[in-house]
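Okay, so chain A shows up in both of these, paired with chain B first and chain C after.
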Partner chain A sequence: MAGTAVRGRLTWQTATVGPVTDETPHVRTLSLSVPDWSGHRAGQHVDVRLTAEDGYQAEREYSIASAPGEPLAITVERLDDGEVSPYLTEEAQSGDQFEVRGPVGGYFVWEPDTGGPLLLAAGGSGVVPLRAILRHRARTRSAVPVKLLYSSRSWEDVIYSSELDLPADGVEVIYTLTRHQPRAWKGYARRVDEQMLAEVAWPAGQGPLAYVCGPTSFVESVAAGLVGLGYPAGRVKTERFGATGR
Partner chain B sequence: MSPISRGFRRKREEAPAGRVPPGQYVTKDFPVLSAGPTPHTALSRWSFSITGGREAKSWTWDEFRALPTETLTTDIHCVTRWSKLDTTWQGVSLDVLLSAVEYESRYALAFSDGGYTTNLPVADLLGGKAWVAFEYGGGPLGAEHGGPARLLVPHLYFWKSAKWVRGLRLRDTDEPGFWENYGYHIYGDPWREQRYAGD
Partner chain C sequence: MDDAAVDDFAVDGNAIAGLLASVFGAEMTTAVGTCGSCGAVTVVAELPVYLTEIGTVVRCRSCYSVLMVFVSVRGMTCVDLMGLASLS
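Let's turn to the complex of A and B:
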């Protein structure tokens, strides 16, 4: 199964923007209508191609935010020096069109029979593919226990907060707010470190599986920390993104 | 015919003509993309081996570093669409390494610490096109970028330039490696935009 995530040739398809949701001041979810979408797995991504009136094109890839069986959705964080993300987060409206190609990637993927317990670790918009995994778990009524450790700059930067406030049975969400905390905040208020992982993560003896997604520095420290706690490297799946260009 | 994305305009400077393959954009960063934790192998335990030839050949770190080296400046192209121009590397040419073994195989599978693999035709490793690089930008290659040593095959998408490389398995058939098994292209020529299987 793992080896055949992408079947046949992937072709560009027209996507029409449906409802958009502003998740934070910098982050927007776009629901996309793609008539011939083949479906996707939780954790995969999709290529996006924009075309300007003068024919100029720009391509990027984005994690898929929706569960298998749901309409395709992407959640995009605006990068000030970006070319595609400002368009998707500020300009695109319901009814606008661009192209998508995918789904892409088959390693950073979770299915109910992949098992757990699951440790999901998100830095910033790295929460997007992990949210697809959470929704897939809920839709398939999987009982796999999950902890989501979500590192954000501030409460205002938390993506999907209303959804994560009401987690499904067996899902625990642990936040750390690294820069600004609300008054009377009792949660973690620092970057994820080995001490925090030791307190939050499933003990290695329980055979957990970890999915870590975020900026490079976050992923490097979380993945190394989990290996330090005895997680076999093969049980720590990572997805990193650089600081620019997306 | 691609639909026009209403209101979308170019914001990036045009790349120098002929320097950037289709669908790529130029970045000044050096993004990191890997599927798992960064391995850390002590140089005292490091070796580079080539198997599948008439006799297996292996170099310790000191033996490897005693081989003749080359310094080169080249452009690199990642399948996730960033290209980085004029990167400077120091490494040992695969011409040097492969000349130490007798073989008839046409394909190679590069393997790395952490279990990563990627497949390449031997012809793409010969003729001054591929190196095992241990320096980047004038300093040691950082672990997150594949140090102590990585494969460097800049004419193919950068996932072929295996980080943390530990050797080559020579073989008669072109068997897919890690990303190739997950739907990425078996060869990966950025100028033909061979990103995914079937491209």
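Let's turn to the complex of A and C:
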């Protein structure tokens, strides 16, 4: 097919690391200061490029963790065989610099006038863009009702737990812990399945909009389950990040 | 979203939003691609994508044909769109 006209260029810019927050033993949030950052939408990504002393470069794309209007932040899970995430989660300190470009992506984004009710489904660090959506909803005083179904291996692996423990009005957070549960845990303790979705998800008759993000197998299973419950495929937005890191 | 070809190692078109924007000069994950083999019409964000050491391969969700290949060498990105009937 024919080529497409070139309109503008994404350019690499220097980002300076600001405050760093350890979310779990394997996950860290980095605030980034980018002087010419153009702003972003909830759910968009940013590309990160690291350059080694010998000139070797590695690039990865990360979901933006902060809402539009907040300082740029990314939340990164350490992948043991990763080229970029070990640096970001273990070595990067306030004041360090690397390159970013963005924001990028326009599919997995939510704006208040996109509506709802919203079903947000997260597997592991798939919660990151959904957190940006939740914060955007709060900052814009949207009244769209939200349910967040969040699947983690254990309570220690729950990212943003202190923030999610105090959800905004109209937001309900439902956890499932698939591998280890605290004593006296009364929540779900298995992978998300159709039965769980039938109990948790807004009925299809309410015209819900779903955002599903996580490992590919999680997203495929949840999206198929929602379609099975009557959600039109076009109302189920998905984002897959491959096999789980650990 | 109805097809079984996608394996656990595939990411999706969302993951190459930056690569696509750098190649095409525009946001492309909301664009719609038509498979040149089976005619399936899919939003780019939903296409299975394989990130390899050699390059990036985008496949059809329905028939798994290769739709797009991107290979970067010394700052140049070579693009093969031969598997697509259209992208708009």
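The working rule: the second predicted complex is superposed on the first by the 236 of 246 C-alpha atoms of A that agree within 3 Å, B and C clash if a C-alpha of one lies under 4 Å from a C-alpha of the other, contacts with A are read in each partner's own complex, and residues count from 1 in each chain.
Heads up, the rule we're going with is that a contact is a pair of C-beta atoms (placed from the backbone, for glycine too) under 8 Å apart; a residue touches a chain by one contact, two chains touch by 3 or more.
Since we're looking at a predicted model, the values are computed, not measured.
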Let's test your reading of the overlay: on chain A, do chain B and chain C clash or fit side by side?
clash
Does chain C touch more residues of chain A than chain B does, or is it the other way round?
B
Which holds for A:Val104: it touches chain B only (first), chain C only (second), both, or neither?
both
Tell me the contact category for A:Ala224 with respect to chain B and chain C: first, second, both or neither.
both
Taking the superposition on A as described, I'd like to know which of chain B and chain C A:Ala233 touches: first, second, both or neither.
both
Figure out whether A:Leu10 sits in contact with chain B (first) or chain C (second), or with both, or with neither.
both
Examine A:Leu164 and indicate which partner it touches, taking first as chain B and second as chain C; both and neither are also allowed.
neither
Taking 7-15, 61-69, 97-105 or 151-159 from chain B, which overlaps chain C after aligning chain A?
151-159
Once the two structures are superposed, pull the chain A residues common to the chain B and chain C interfaces.
4-10, 59, 61, 104-108, 216, 220, 223-224, 227, 233, 236-243
Taking the touch rule as given, give the residues of chain A at its contact with chain C in the complex, in rising order.
1, 4-10, 44-47, 59, 61, 101-102, 104-108, 215-217, 220, 223-224, 227, 233, 236-243
For the complex, give me every residue of chain B touching chain A.
2-12, 23, 25, 27-39, 80-82, 114-115, 144, 176, 178-179, 181-184, 196-199
Under the stated contact criterion, what part of chain A meets chain B in this complex?
2-10, 12, 14, 49-54, 56-61, 82-83, 86-87, 91-92, 96-99, 104-108, 216, 220, 223-224, 226-227, 233-234, 236-245
Of all residues in chain C, which touch chain A in the complex?
1-2, 6-18, 21-22, 24-27, 29-30, 43-46, 51, 81, 84-87
